[in-house]
Amino acid sequence: MFTENDKRCSLTELVGFIHDGDILAIGGGLSSREPMAALRALVRQGIKNLTLVGSAHGIDVDMLCGANVVAVSNESYVGFEQDFGMAPNYRRACESGQVQVLDSCCYTLVQQLRATISGIPFMPMRSIQGTSMMQLHPEYQIMKCPYSGEELILVPALQPDVTLIHAQYADQHGNLHIDGPLVADILFAKASKKVLVTVEKIVSHKELQNHGITLPFIYVTKLSEVSYGAHPTSCYPFYAYDRKHTAEYYRSATNAETFLTDYLLPYVFNCNQHSEYLDAVGGKQTMNLLAQWKAGKQQWQSLYE
Amino acid sequence: MNNLTDLSKCTLAEALIFQIAQTIEDGILAFHGFGSPLVQMALHFAKRTHAPNLILVAGATYGVNPTPDFLTPTSNDWAMDRGSECSLSIEELFDLAASGRMGRMFLSGLQIDRWGNMNVTQLGRDKLKLKLPGGGGGCNLSCDANRLTIWTAAHHIQASPKQKPRFRLVESCDFITNLGHRTVDNRLRQDLKLQGLGPDRLVTELGVFDFDESGHARLIKVYPDTDVDIIRSHTEFDFPVSDQLTVIELPDATMLKIMRNLDPMGVHRKEIRAQDKNRFFLLDSYDEW
Amino acid sequence: MFTENDKRCSLTELVGFIHDGDILAIGGGLSSREPMAALRALVRQGIKNLTLVGSAHGIDVDMLCGANVVAVSNESYVGFEQDFGMAPNYRRACESGQVQVLDSCCYTLVQQLRATISGIPFMPMRSIQGTSMMQLHPEYQIMKCPYSGEELILVPALQPDVTLIHAQYADQHGNLHIDGPLVADILFAKASKKVLVTVEKIVSHKELQNHGITLPFIYVTKLSEVSYGAHPTSCYPFYAYDRKHTAEYYRSATNAETFLTDYLLPYVFNCNQHSEYLDAVGGKQTMNLLAQWKAGKQQWQSLYE
Amino acid sequence: MNNLTDLSKCTLAEALIFQIAQTIEDGILAFHGFGSPLVQMALHFAKRTHAPNLILVAGATYGVNPTPDFLTPTSNDWAMDRGSECSLSIEELFDLAASGRMGRMFLSGLQIDRWGNMNVTQLGRDKLKLKLPGGGGGCNLSCDANRLTIWTAAHHIQASPKQKPRFRLVESCDFITNLGHRTVDNRLRQDLKLQGLGPDRLVTELGVFDFDESGHARLIKVYPDTDVDIIRSHTEFDFPVSDQLTVIELPDATMLKIMRNLDPMGVHRKEIRAQDKNRFFLLDSYDEW
């Protein structure tokens, strides 16, 4: 329960709440509302050996793998869908053994988070049985149901040390408004020891209530205003997915030898401030272009062509 | 590039979409997951033709019955959520499946075996040789959804730099991410008392299979340009052939127009391999319009 | 999954989906948003032997007990709080054995509904242990947790046959907007075989989306437009709690002999239409008074004096 | 009727509110349930005095930190939700308790025993003699909330139509709805490994108890107009008395003003019995204002 009146802090301070070896849950999903600015800061601040838990992710997890800050992946999917395909850094890190592969599945994750949220050691479920997932996860147990007699799978409670979320709006007390698909953000936030949030805009409580409160302040540890903090993933209604930059990312990521010089240096390590990153990716011109989705179907569609 | 105006023939992708759409019952809840534009197309097509009461849940956004203006190359995009009647949450969607209320799910894999098991996790059994992206919620849904449609546009063996051809339809999966009709230790699916009944259709770019009573894939349809022998040569396992083997049905001109309006950028063609981009099928009858 | 395009029907038809012996979950709670018009119709239509499940209820359950249509009570609380105290008909029905008393508690109910929603035979929980609730419910089981070694309580899945909800707005497809506290309505709706809804106003889908969709249509079986359908409980923003009528109800209910003639006849059995009921309780004048809460603090407060 | 203007003395109800409020720590999440206006008052009072960072969750509405203009005689009313900063759902509130995040809950009973067990379900052991309304979520929260405050404004024995006086603080509860420090089969609470630690305070209109190491109620405070003997005569069980027995602290004039503004209709006085309506306590010092 986090009751501090004013939870605002700088991005550097925010990321300072993440420690080496933490279990980290990343909000958003695929090309949408990933807390990318915070992840870049995390890489810059040298936080390492993270265990990642999540459902469907892309550039966020791939970049962390490329920066060699991940020890274990408990994700359900890491890739670029039909857009670019497999995640290059993630693949290499898994195949080399640098990252321990403990793939999960979406509902398994949901049930494990729910166990933590309800304060119980496990949750029962039916699915997974008969698949190879059981071998990957010896911590799952089988029980004979005292009611139905059938075999059920028990999955243990999972508690992230930190959840990192990017939201559209917050007030300084930590109430959040998340617009659009929530993915697992709310479950993560309720299950985690700490919840760290970047937001496009910090507004008055009254304005936030008009937007609607998606997550009450009680779960939120600290928050930082970071406009365009999800770039190059989307954060509607502010900006769409930057497919052009993601294509550049993907090309850089395909080559292990040059990923550092081609991507991490210019876009992460050499940008001490988020504003420097924004300049590096095209500044106002790029951001205005990505806001053009609102102008109409043609303009929106043109962002993907 | 996508403004196909010729309504006398359909692309391979359109034939696949039509075959996948045939498996979708009206009035059920079905989910297309992410990274599967052929399935997205099939669901939107079904909703606009034979399954108007379909509860179409969009993968990644969890929007219900959206009417997107165009398909985007990534799934978790507000463009894909446009016009949604209402929305579910991730936990709600998976709960619906676990409680027996998801009528159908669509799954694929880099390896698919005779029982409809699928691998999207890794190649290599003891040692990981190729890390695949992972299955999202596919593993759970393969157990929970009432019925599964399996699809792949890559049944054709891959020319391999080494000697052995690489099969998509394999003798045995290195890892079972999504469950078909037999488990990893060769038990029958039905003995597990899972919520779902497993796959009843496997649609590929070479043929269409159902699953017989033992849960084994059985060829039921070929394409106008394929036959049983061709399909056998691209399939690592042996399979039975239906007595009623037919050539696949194709969409009509009206249907083609519906499909082509859904995806002006042709995102769904990303699932089609280069060698198949020019496979077209002449429609039986071409309605003038 | 209910996909019918137009789910509207009359109140009589709606209540016709409830059968003798059903497990019935009643939405709302205490003096708020109880589906009273539907419950009066249910009594008129002679549906009997209901098993009631719920959290905190008042006049709704008490009236059903007074009309002798309840066989089992699985409620957590039935009363009139500090306002009028204990529920007279409920007490008598329980004490005489007419109603079997299987009291539950709020979180136990939540966990039992969640089990149904997730398609599992039970849910584990820690609370209840050491209390007399265990004796009242031999169906609860104790298991030794394979993770923590501690003893946990297992509570079996509970599936209502019917959930009856009163909502502010719906569209004809069955999407609902519920304004204000939800109590257990959403859990009930997701866990039930059938969901029957009365609403103040059926509006276009577009207008409903502006209000916000609280429950997607997929769960809703049928719905009926019944303005003032929660009276004498509140349905803000339309009307506040009718404390005066509730006081009259309470006085009538204290006397078992005359409850039929003093209350059930004039307000239930003799009102074949909901409009007749509204006339009986004071018609437009009463309804306008109850809408006065909006006019200001003094007017609102005066409704309770 | 409620516009008490005399700030030189407080009512019994106000003294009770003040005692309950003293148990509320700043910065915790606390919930007042329904049908408990004295607790509602204590929470709102605490929030406005020593516990500004209290997360006050309103019973029945699940609103967080509401600022109602007046108290209503029923709890699930928008009037009670006015000004809420945000809202929880029923399942969320109970999850917070079950996962150890509810700091304090307030419970009562028609019977309360020496271990702080409470009965709000029924009188009569084998056969039901009097059906009580039931405990809502109290049973769960008595196990899960970190700490419990027990209160009653009806400690004083009831004149019974039959011979035996009816005690509120009883030798043994007919039914244990809300758990104190010993279970229904006399096990120690701590052996159950419950989330919560049990009651640490019992506030009545005759005295205030804490619980000793064995989990037994121990008298720590009397009222200006009560003493140990009076309290013993109204308590069915024997109890130890603290070495530091004191007279209860009373609110000051500023505090009284805060309380009196919260409940212009005097709803909270419904919890006070007729015989106690005229019990007042003179404040030690009366600040002119």
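Labels for the chains are A, B, C and D, by order of writing; each one numbers its residues from 1.
As a convention for this text, contacts are C-beta pairs under 8 Å (C-beta built on N, C-alpha and C of every residue); 3 or more make two chains touch, one makes a residue touch a chain.
The structure displayed is predicted, hence computed values, not measured ones.
Asker: Could you tell me which pair, A-B or B-C, is linked by more C-beta pairs in contact?
Answerer: A-B
Asker: Which chain's C-alpha centroid is most distant from that of chain D?
Answerer: The most remote chain is B.
Asker: Report the inter-centroid distance (CA atoms only) between chain B and chain C in whole Å.
Answerer: It comes to 44 Å between the two C-alpha centres.
Asker: Would you mind pulling out the distance in Å between where the CA atoms of chain B average out and where those of chain D do?
Answerer: 61
Asker: So what's the Cα centroid distance for chain A and chain C, whole Å?
Answerer: Distance between chain centres, rounded to whole Å: 40 Å.
Asker: If you average the CA atoms of chain A and of chain B, how many Å lie between those two points?
Answerer: One centre to the other, that is 28 Å.
Asker: Among the residues of chain B, which ones contact at least 2 other chains?
Answerer: Only 87, 98, 144, 195 qualify.
Asker: Two-or-more-chain contact residues of chain C, please, as numbers and ranges.
Answerer: Touching at least two other chains: 118-120, 125-126, 150.
Asker: Every touching chain pair, please?
Answerer: Chain pairs that touch: A-B, A-C, A-D, B-C, C-D.
Asker: Could you list, by residue number, the parts of chain A that touch chain D in their complex?
Answerer: Where chain A meets chain D, its residues are 1, 3-5, 116-120, 173, 175, 190, 205, 213, 216-218.
Asker: Along chain A, where are the residues that touch chain B in the complex?
Answerer: Checking each residue of chain A against chain B gives 28-32, 55-56, 58, 75-83, 86-87, 90-91, 94-95, 101, 103, 105-108, 110, 114, 125-135, 150-151, 180-184, 186-187, 234, 236-237, 240-241, 243, 293, 297, 300-301, 304-305.
Asker: Where on chain A is chain C touching in the complex?
Answerer: 111, 118-126, 141, 143, 145-148, 150, 152, 154, 156-157, 212
Asker: Chain A touches which residues of chain D in the complex?
Answerer: 27-29, 53-55, 64, 85-88, 92, 95, 98-101, 103, 144, 195
Asker: Once bound in the complex, which stretches of chain B touch chain A?
Answerer: Per the stated touch rule, the residues are 34-37, 60-63, 69-70, 72-79, 81, 87, 89-91, 94, 97-98, 121-122, 128-144, 175-179, 183-185, 187, 189, 192-195, 264-265, 267, 270-271.
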